[in-house]
Structure formats: structure tokens, C-alpha cells
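Data block below; observations after.
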Amino acid sequence: MDRLTPQKYLSLYIDMRRMRAIEEKATALYYEGRTIGRIYSGRGQEAISVGSTYALAADDAVAPMNRDLGTHLVRGITVREIFCQYLGRANSSNRGKDAGLHISSPERGVMVNMISNLPASLPVAVGIALAFKIRRELRVALTYFGDGASSTGASHEGINFAAVRRLPIVFICENNQWALSTATSKQFALEHLVERAAGYGIPGIQVDGNDVLAVYETTAEAVARARGGEGPTFIEAVTMRMKGHSVTDPAQYVPQSMLDAWEQKDPIRRFGNHLRQENLLDDSLDENITGKISAEIDDAVAYAEASPFLPAEEAVTDVYAEGIATTYA
Amino acid sequence: MDRLTPQKYLSLYIDMRRMRAIEEKATALYYEGRTIGRIYSGRGQEAISVGSTYALAADDAVAPMNRDLGTHLVRGITVREIFCQYLGRANSSNRGKDAGLHISSPERGVMVNMISNLPASLPVAVGIALAFKIRRELRVALTYFGDGASSTGASHEGINFAAVRRLPIVFICENNQWALSTATSKQFALEHLVERAAGYGIPGIQVDGNDVLAVYETTAEAVARARGGEGPTFIEAVTMRMKGHSVTDPAQYVPQSMLDAWEQKDPIRRFGNHLRQENLLDDSLDENITGKISAEIDDAVAYAEASPFLPAEEAVTDVYAEGIATTYA
Amino acid sequence: MRERSYRAAIREALLEAMSADERVFLLGEDIEYAGVYGVTKGLVDKFGCDRVIDTPIAETAIVGGAMGAALMGLLPVVEIQFADFIAAAMDQLVNMVAKYHYRTRTPLPLVIRAPAGAILSTHGSTGPFHSQNPEAWFAHTPGLKVALPATPYDAKGLLLAAIADMNPVLFLEQKALYNEKGDVPEGIYTVPLGQARLAREGNDLSIITYGAMLSPALRAADLLDGEVDVEVLDLRTIVPLDKEAVLTTARKTGKILIVHEATRTAGFGAELAALIAESAFEFLDGPIMRLSSPDAPVPAAPELAGYYLPDVNEIVTAVRRLSAY
Amino acid sequence: MRERSYRAAIREALLEAMSADERVFLLGEDIEYAGVYGVTKGLVDKFGCDRVIDTPIAETAIVGGAMGAALMGLLPVVEIQFADFIAAAMDQLVNMVAKYHYRTRTPLPLVIRAPAGAILSTHGSTGPFHSQNPEAWFAHTPGLKVALPATPYDAKGLLLAAIADMNPVLFLEQKALYNEKGDVPEGIYTVPLGQARLAREGNDLSIITYGAMLSPALRAADLLDGEVDVEVLDLRTIVPLDKEAVLTTARKTGKILIVHEATRTAGFGAELAALIAESAFEFLDGPIMRLSSPDAPVPAAPELAGYYLPDVNEIVTAVRRLSAY
């Protein structure tokens, strides 16, 4: 496993900042009636998708969920692409046929275009790892799922199958304490969800999901293990969903004290402070970053708004693919 | 928990003997073309269903699987009823509409009529336990599933839900080393399947599935825990499927050495020897038992063969129930 | 006249059923809080968490669990958060639940509520995974009943009938209608499963429909007033199907337009067309036409969704085409 | 003429496809050993356990896993042990797999093989959970293709076409046909998805069918020789549907009997009837009739199953009734 050089610290920080700023902008656009679908915010969880995705090599594969905007940014999905998606334009990942952060980009390793049904990407990511293993490629798959999604049969079947075949995959469970209005105490009878890993015979590691370096390092170790043929790892990244389930959810069921306590652990502020201590960040650089991000977002929103929608008749196209997959030649 | 009195030992022994003899007869009838559907034998696993079901109180509920003939016998399903079912007669549990050991008898606490799809009874048994808990009844549900069925999403969802709500239920996983042709090494990456229990936050106990007293005692402890409000227990009963998956499966994929080794641990012979040591059984009593069982079976087969089939037109009846469930009065 | 929304009518049915019969209880994700569409709001305060039970995200455990409770004499009402997610409980539902009475003659009174269909707003539609109309799968699954109420009155009365029914009933709430208002009597009343309602009498042509498409069908009929005299039949339940009502209107007008929001191929409209083509053939004065969503997932963006979903204008056009035949 | 069984034809297709293209691999329960119907027997010896992969009992992981492999450029052929168990993978199949190309324009070449339909023997039928014909669910799921080969020739050719197709294809092997023999050429050939086959020409009446019902339909037609001149159309795939062939035979004879083994209500026969009632109405000389299993689960006992399953005699009776119209 490579340790991150301090030089790279700044890009982690910037990507977390970008993630938050993009989601804030998208939320504002939602209220203006300008987005397609709802916004699902990963506020407070930025360290997870950003930190973990940094641990992947260029030709690894990742299957992010809807609070994993950081994954897209780290893999090089542009802010323009993201706003085109939020605005449902013809040039977006789903071309307006689907909404939300259902973005994929095979050429940049964002291999699975998530769907709403939970956690449908997980078994697919397992299949990607299976392909790597079949072809003896030293590549790794990474996927995410929620504390709530851990209760589904699909998560069980996928993780168990990966464990049995020792597939090169890393499962990150983002335990953000809530699944919509449901607290984790109603989701599982465990003190720590990571205890489930032992039930699959794979290593389980709990990590502070608000500590981007810890997330990076934990993931990098798991990725190295997967690449080394040692099979899957189950990482529980403990964090907190700081907003409602979606932009329409006031989340009154979340105790304010809980939000207050977690606000203290904000991953961006925390890492910012660390960078300042290390003399990698100061006010002027931070303002500079803020400015760059906001320019990037302004550009992207303008670009997206200038982008056309798909013509209405395309509502019924592309249900099937054309061409043939093999000539058996 | 009640310890079994030695006086009751004999009935455990007799029920195991009955189970084996009934299955042998059913297998013979299959080859004569006289049964409906295939026979799935629990040979070698008799201690599990017999021993565990003895641990239930009269108004507890049980959801057996197709190798759990012992459960039916212990709950008082008659041998006549069993052969009527094997022969698909109108007076059987499924009246010929379904086959195999898909028997239920609500009044005797065999609450779920299993289906082939694995392990569909498990979530239903969880629902039974939920009803007990909702109504604050001190009753317990018991269900079985295979090493193979442990890989399904349905088993995960059911066990986890029961764990979360601390429902009064006992899950017995009959690890008979095989799921059709699939060895456990291809089913899970655990040394012992019981390790999965910890992943649900419930007690897991491994028991020698060929030791009927051990099965009884382990189950009785779990039942007591459930009745005491302490929630579910996951029991792994380690055993061996001594026949093919069904009567049509020669099971050439099973190493002969494995069968030979397990033959030494035959649960009936083993318990018989124990009874002899305790002076509860001798040759003449054993012969007497053999005679009684074979008379019981002969009677049952004759009875079943004399029983009519359902009239053909009833193929399309009873798809829906009549009547109303509540008048809201 | 006591006006209530479709949502309120459903909540009222739950509340009155739970008050009248303590065996009735609710099981589902996030239903303590209110449910995504707020239908179960406040019920936990009245009935406690033993009767309004939040579950993990586990549709198979929910449906199987409800069945177990039904076997023990309770009357479970399940909420699946969106009809799209019923697929995650498919095996329990079609194999265990639907076939149970046939195999054992043990009744399974059990209701599965789920919001179905698309909503179109300024944010586009509810998209491919929160808009589906899977009723045809379940109409093709013997052992299940399927209700799709089109009005607040029916929503309450059909739900009360479904809870009182001895069989598993899939109750597909039309999410586009949650805010629609209509006459809803206080107290318990039932609308029998299997009785269609003649929503509008007419002589020239029949629209057969159900669920969210009733209201555009009626609007289309009004728009065509004086031009084509349109009869509109609201099926209310597709299983049991009121075949008599379908055949009666077919025999009366001889021209049939079937309208539903679900996709076309092998949708329930096909069954209606087949029934009529087999049993009212002699009375037909023209081809049996179907209007539905096209054979594609439900797109999200507004223009795509507008194009995709059947609406009043398309119904008007179809009626004109058929009546000109 | 090279005779092979339907089972052998399928195995040959797998073997030849795997030999010709190393991206093709198999995934499923117990397929190393042979599979329950012996279709994959011996393939692991030839191709090794990296290309014939036994899985845990986990239909959702199997279908999802196959999709992931397809995304990486492999060509997975999944075996679901019985079509009845596809329900356990429903969510992956209808929501993730079926809608993927529409949402992303990423092709998903992926075949799901599953034995469907009942077998009747001295031991009764294969019963409620090993006999089902779920094709209509999937015909109502845009994004999937559905093949139901009726002959050994088509079994091989359609499977090779399915593997070469860029879309997810549900390949429903008709388990009643596994031992049926027929002409099967050596080497790779494909039968295009979406091309029906006129299995018998006739002028008086058309039977439209597919899968296991083709053979009783042909026998019925032979029995009626001289009395009614029956045309028999074998659809081979229901998605894509060869609408031209359906409408051509409908226009030609004007009398249509649709036959399938699946249950009646909202079965695929309804779609065929609806298509004809809409697009060949003027040519009809009588009601469109459907013959199918009744709306009930598949019973196990021999007499029940005999009564339940459609057979030659019922087809003959139905043809006579319709031709007398």
C-alpha cells in the first residue's frame, strides 16, 4: 500500500470541498425547481467516498451510491457532467432518462450506474471482481452500501459469494446512523455493524468515516489485500447523515443533539485544521480554493443549463442495444 | 429448561427409528412408481428434527423442511397422514396438490407448510414469532434451514429481522455438508457456519447433529432463552446427508470415504448403543420396536393406497379462500 | 359531503380498521415516522410500536413475516415503500404467499399496500425506480387479488374490504392521486373486491380503465361531449375482475379503448382485450385499442416523461380514431 | 440428418460457444456436476472451474454477478436451476439488468437459462414449484428478450443467437422437451431472435403457440387433417415478437387459437389476442380463443395435473369449436 504524500493531502481536501459545494448548489437548484429528481446529500460523509476512492488504481472499478459524489470527483467526472446529470440533460450520464447521482463512466472506472433499489450495485460489483479473477487481472472492485442496505438479502448474497470465491473486492458500509427515518438500532442487533464481517469469514475493519486519512489508509490496505489475492474486506465507515434522507425530508426524527455532536466532527473542517497544523493550508489558500470551486460550479451550472434536453421522442429509444457481442470467430 | 428423563429416551429412539423406516419405505414405493414427487431423505439427520422438536412445548410452533420428518412424528402427525402425503391422496396435507414432505398441521403446531423455494419458510417462521411477541404470548417458533439455504437473501433478512426485534425463535441450520452437489466450501468461507450468528448479534451454538441428546439439550436451552424474552438463537447442527439429494440423485460427487466415516456416527445406532449401556434397550425390545414400526408402516401404506385421489376437477379449486376475516365489529 | 384526500382516506381506513379490530397491525419501512407519502402518519402514537412496526430494509422478511403473523390469526397490513421494490419480495409473494391456500386451504388474510405509478412535477417524473405499475405480474399470479383504487371513496372502501378479505391482496395506491380530494364517508364501509364501477355512461364507445388513468379518461370523455358519447368503466380491482361489467360495456358500445399507465406489452390491457375478443366478439364494431405507456422504463426528465405517460390528449385522439372506424 | 436431443443441442451450443469465444462462461448452482437436468455435464472438465462456476444458493448474486462480468466484457450464461426460482432474482433482473441499456446505453450481453414448464410422469407432475412458466412477467419487463425454443434445432440456434445478442436474454428451456430428438446440425449456427417459424401451413385456422405446446399443437393439427386445415405458428421468441408473422397468419385464416402452457389470465396469450384484435380486426372470422393452463398453481398428483395441463385433446376440441363458428 502506498501512503499518501502530504502533497496529495490537498487534493483530498479540495475534493471534499468540491463535493460539499456541489451538493449545496444542487440543493439550491432543487428549491428553484431546476433539478430533475431529488438531491440526496452526502454532507458529513465526504471523507468516505473521497478518501476511499483515492486508494484505487487507475484501472480498478468502483460502484458508488448516491451519497458518494466524492467518488465521481476523484475518478475525474467533471463538475459539468455532474450538473448536466442533476439537470437531466441530454449530455449527462443518463441523458435525462434517470436522475440523481446515477452516474457511470466505464472509461474512468466508475463501472456501475447505480439504481434506487438497494443495494443493487453490490452484486454487480461482485461480478466485476469475478471477471477480474477469471481473467487473472490484478484489478480490484470497490463498492459502497448503507447501514440500511446491510439488511437486504442482496447484500448478503453478494458479500457471501465474494467471500467464498475470495474475489478482489472491498465493501464499504457507510454507517451514517440512519436509513431514512430508521435508526440503526432497528436495522441490526449489533453494537458495530463491522461484526458482520466475521460471519462471512472476511476481515472486518471499522474506521472513523469522518477522518479522510484513516479512510484512505484502511481502504488502501483492503485494496492491497484484494490485489494480493487475499479476497474481500468489509469496512464499516462510521459517520453521520447530516441532512435529511433527501432534500424533501426535514428529518425531524433526528435528535438535534446528535447533529450538534457530529457537527463537531465535520470531516472537512477537521481535515482542514490538520492541514493548517501541517502548514499545508492557510486562509488565503483556503479562500483561493473556495473561489476556484465556486467558479467551477458556476461554469458547470451555466454549461448544464445551456445544454439541451433529450428530444421527447427518445423516451422510447434505447430499450435494447443493437449489434452483436460475438461472431464466434 | 427441562432435562429429558431416561424414560423419555426411548421415545426419542423410537421416533428416529420410525423416521428412518418410513423414509426407507417411501423410497421403495418411489421405485415402484407409487409416490407422487420425489423422496428427499433425512437419513443420518434423524437426531436433529427428532431431538429439537422434543424441546418444544405443546403450543409452540415449528416450520420443518423436507429432511425433518422427525418433526412431524414428534408433533403427532400420524404415519398414515405421512403416507397419504407421499402418495398424494385427497386426505393428505396438500390433498395431492403439492408433494413431498410439504405437511402442516396448525392444531399440532406444525405451522408452516414448506415450499420448495429455499428457505421460504424461514421468514414466515419469523412472522409467527413476531405474532407471539405482539400478543405477549410465551410461545416459541422453531425453524430449520440447510447449509445451502444459508446463502440466500431470504435467510439473512429473516434472521436479522428476528434479531433486531429479539423475537422468540430458534433457527437450526442443518449443516449436512452438501447442498445438492455443492460442498460447503463453495457455500461459505467459514470454518463453522455457526460463526455467522455473531454477525446478527445473537447466540450461536454448534451441536453434534448426530447426538440426539445434545440436539435436544441445545434446542431446549435456546427455546428457554426465547421464551424468557432473550431473543433468537442460531444453532448449527453438524451432520451428513447420507443419501443423494433426492431419490433420483446417485450423488457420485460425494466421496465414499466421507460416507464411510459418517456411517460410523450414525445417530440411531449411536443412541441405541447408549440406551443399551443404560439398560434401557436390549435385543428383544429392539426387535419389538422394529415389529411395531413395520406394522405401523404397513397399515399406513395400505390405508394410503386405499385412500382416493382428489377428483381431477379440483385441480382448479381453492385458489382463493372464501369468507371474511373481520366484520370490524 | 365529507371531502378527504386519497391519502387521508387510506389513513382513515387504517385507523378505523385498527380501532375496530385489534388484530390489524402495520409492518413496513419507516411507517412509524409516517411513510414516504405520509399515509401512516400519527398511527404509531395511537396504536404503539407493537402495531405499527418499523422493519429493516428487507422486503422478503416483511412479506414473509406478515404471512407468519397472518397464520397466527393477526391481520397484517404491509407497506412496501414503492411498488418498484415489491420485486425484492417476489419469491415470498408469488411462491409462498400466493399458492398457500391452494396447497393447504389455510386462509391468508394479508394486505400489501404499495404506492404505484408516476408523478410528474417540475422536477420531472419519479423516474425509472419509483414509478412502476407492476399489476400485470400479479394478475398473472393465481392466488393474489389486486386492487387499484381510483378515488378517495374507493381507496378507503377497497382497503377496508382488502383487510377483511381472507386472501392476500395487493393494494396498489396510485401515488399521483394522494392529494386528490373526494367524498369519503366517516366510519367503516367496504367496496367489494371484484365490482367495477360505471364511472360515466355513454353509448358510442367504452373506455375501460383503472387507477390513475380514470381521471384523464373522464376528462377526455367530457371534452368529447357532444362529439362522441363515451362510457367509462373503472375496474377498481383487476383480480377479481368484473368480467360481466367488462363484457356488458363491450356489448353495449362495440368500440373499446383500454387505458392504463403500465407499459403496453403483456400489460393488463392485453387481458381485457383478449377477454373481449373471445367473449364479446360478435358485438365489436371496431378494433380493440389499447393506450398505455410505451414499452420502456419510466424516464425522469419532464419532456421525456410527458411524452411517455398517457394523458388526456392522447385519450381524446384515440377515442376519435376509434370512433371514426 | 444428425439427430440430437433438445438437452444435447443446448449442451452443444454451450460447448461450441465456449470453444469459439473464450469470453463465454457459465455461472449457476450445481453446474459443475451437471445441473439438475444434466445440461452442463462434462463442461467443467473441458473448460475448468474458471469458466464453469458453481455458486452458493443465491439467485440475486448470480444474476447481479453475471451482469458485473458482462460489464467487464465477458459473456456470461447463467443457469437458474428452475424458472420458478427466478423470482428470487427478480429485483436484479427487472430493475438493474433490464433497465440498464435504456439508462446508460451500455450493452449487457447476458443469457439466463432456466428450465420451465411441467413434466408429467408416473410420479405426477413436477408440482407447484418446479413447473412454472413465468414468461409473461418478463415480456412485460421492457429491456429483456425472452426465448422459448420448441425444437432441438431451435434450442441450439436460439441459444447461440442469445449468447451473441447484446441484450439480456431469458432463455426458457422447456423441460418437457429435454429428451425430444430432432435434427441438429454440427457447428455454430444461429436462429435469429424475433423470427417466428411457420411450423405447418394451413388455410382454415391458425394455432399460435411456442415452447412445449408446439408439439401437441402439431399433433392436433395432424389429427384434424381433412377436417380442419390448421396452420401452426411457433413464435420461438416472444420478445422480440414477430408481429408480422402473427398478423399474417391471422389475416390469412381469420380464426385464431392461441395455446400456451402458462396460466391464462394476463398470460402472453392475452398479448397475442390483443395484438390481433387491434391490428387484424377486419380479418377475423370468429372470436380469438385461448387455451392454456387454468388460473391455479400447478398441481402435483397425476390426475390433477392431467386435468390442469393443456393437451392434444383439448386443442382438438378447441379447434373444432372455433372452426364451427
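Should a chain be cited, it is by its letter among A, B, C and D, assigned in written order, with residues numbered from 1 in that chain.
Convention: a residue touches a chain if its C-beta (ideal position, glycine included) is under 8 Å from a C-beta of that chain, and two chains touch if they have at least 3 such contacts.
Since the model is a prediction, treat every value here as computed from it, not as a measurement.
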Please identify the chain with the largest separation between its CA centroid and the CA centroid of subunit D.
A
Could you tell me which pair, A-D or B-D, is linked by more C-beta pairs in contact?
A-D
Could you tell me the distance, in whole angstrom, between the mean C-alpha positions of subunit B and subunit D?
36
Round to the nearest whole Å and give the separation of the Cα centres of subunit B and subunit C.
40
Gap in Å, rounded to a whole number, between the CA centres of subunit D and subunit C:
30
Multi-chain contact sites of subunit D, meaning residues that touch two or more partners:
55-56, 58-60, 84-85, 87-88, 91, 95, 99, 102-103, 128-129, 142-143, 295-297
Hey, what residues on subunit B touch two or more of the other chains?
94, 97-98, 115, 117, 151-154, 157, 160-161, 164, 186-188, 319
Which bits of subunit C are touching subunit A when the two form their complex?
29-30, 32-34, 36, 54-60, 84-85, 87-88, 122-124, 127-130, 294-297, 299-308
Given the complex with subunit A, which residues does subunit B contribute to the contact?
151-157, 160-161, 163-164, 166, 185-191, 195-202, 231
Complex interface listing, subunit D residues touching subunit C:
84-85, 87-88, 90-91, 94-95, 98-99, 102-103, 128-129, 136-137, 139-140, 142-143, 239, 241, 262-263, 265-274, 276-279, 281-282, 284, 286-290, 295-297
Sites on subunit C touched by subunit B in the complex:
16-17, 20-21, 23-25, 50-51, 53, 55-56, 58-61, 63-76, 91-92, 95-96, 99-109, 142-143, 145, 160, 163-167, 188
Given the complex with subunit D, which residues does subunit B contribute to the contact?
30, 33, 35-38, 88, 94, 96-100, 115-118, 148-149, 151-154, 179-182, 186-188, 253, 309-316, 319
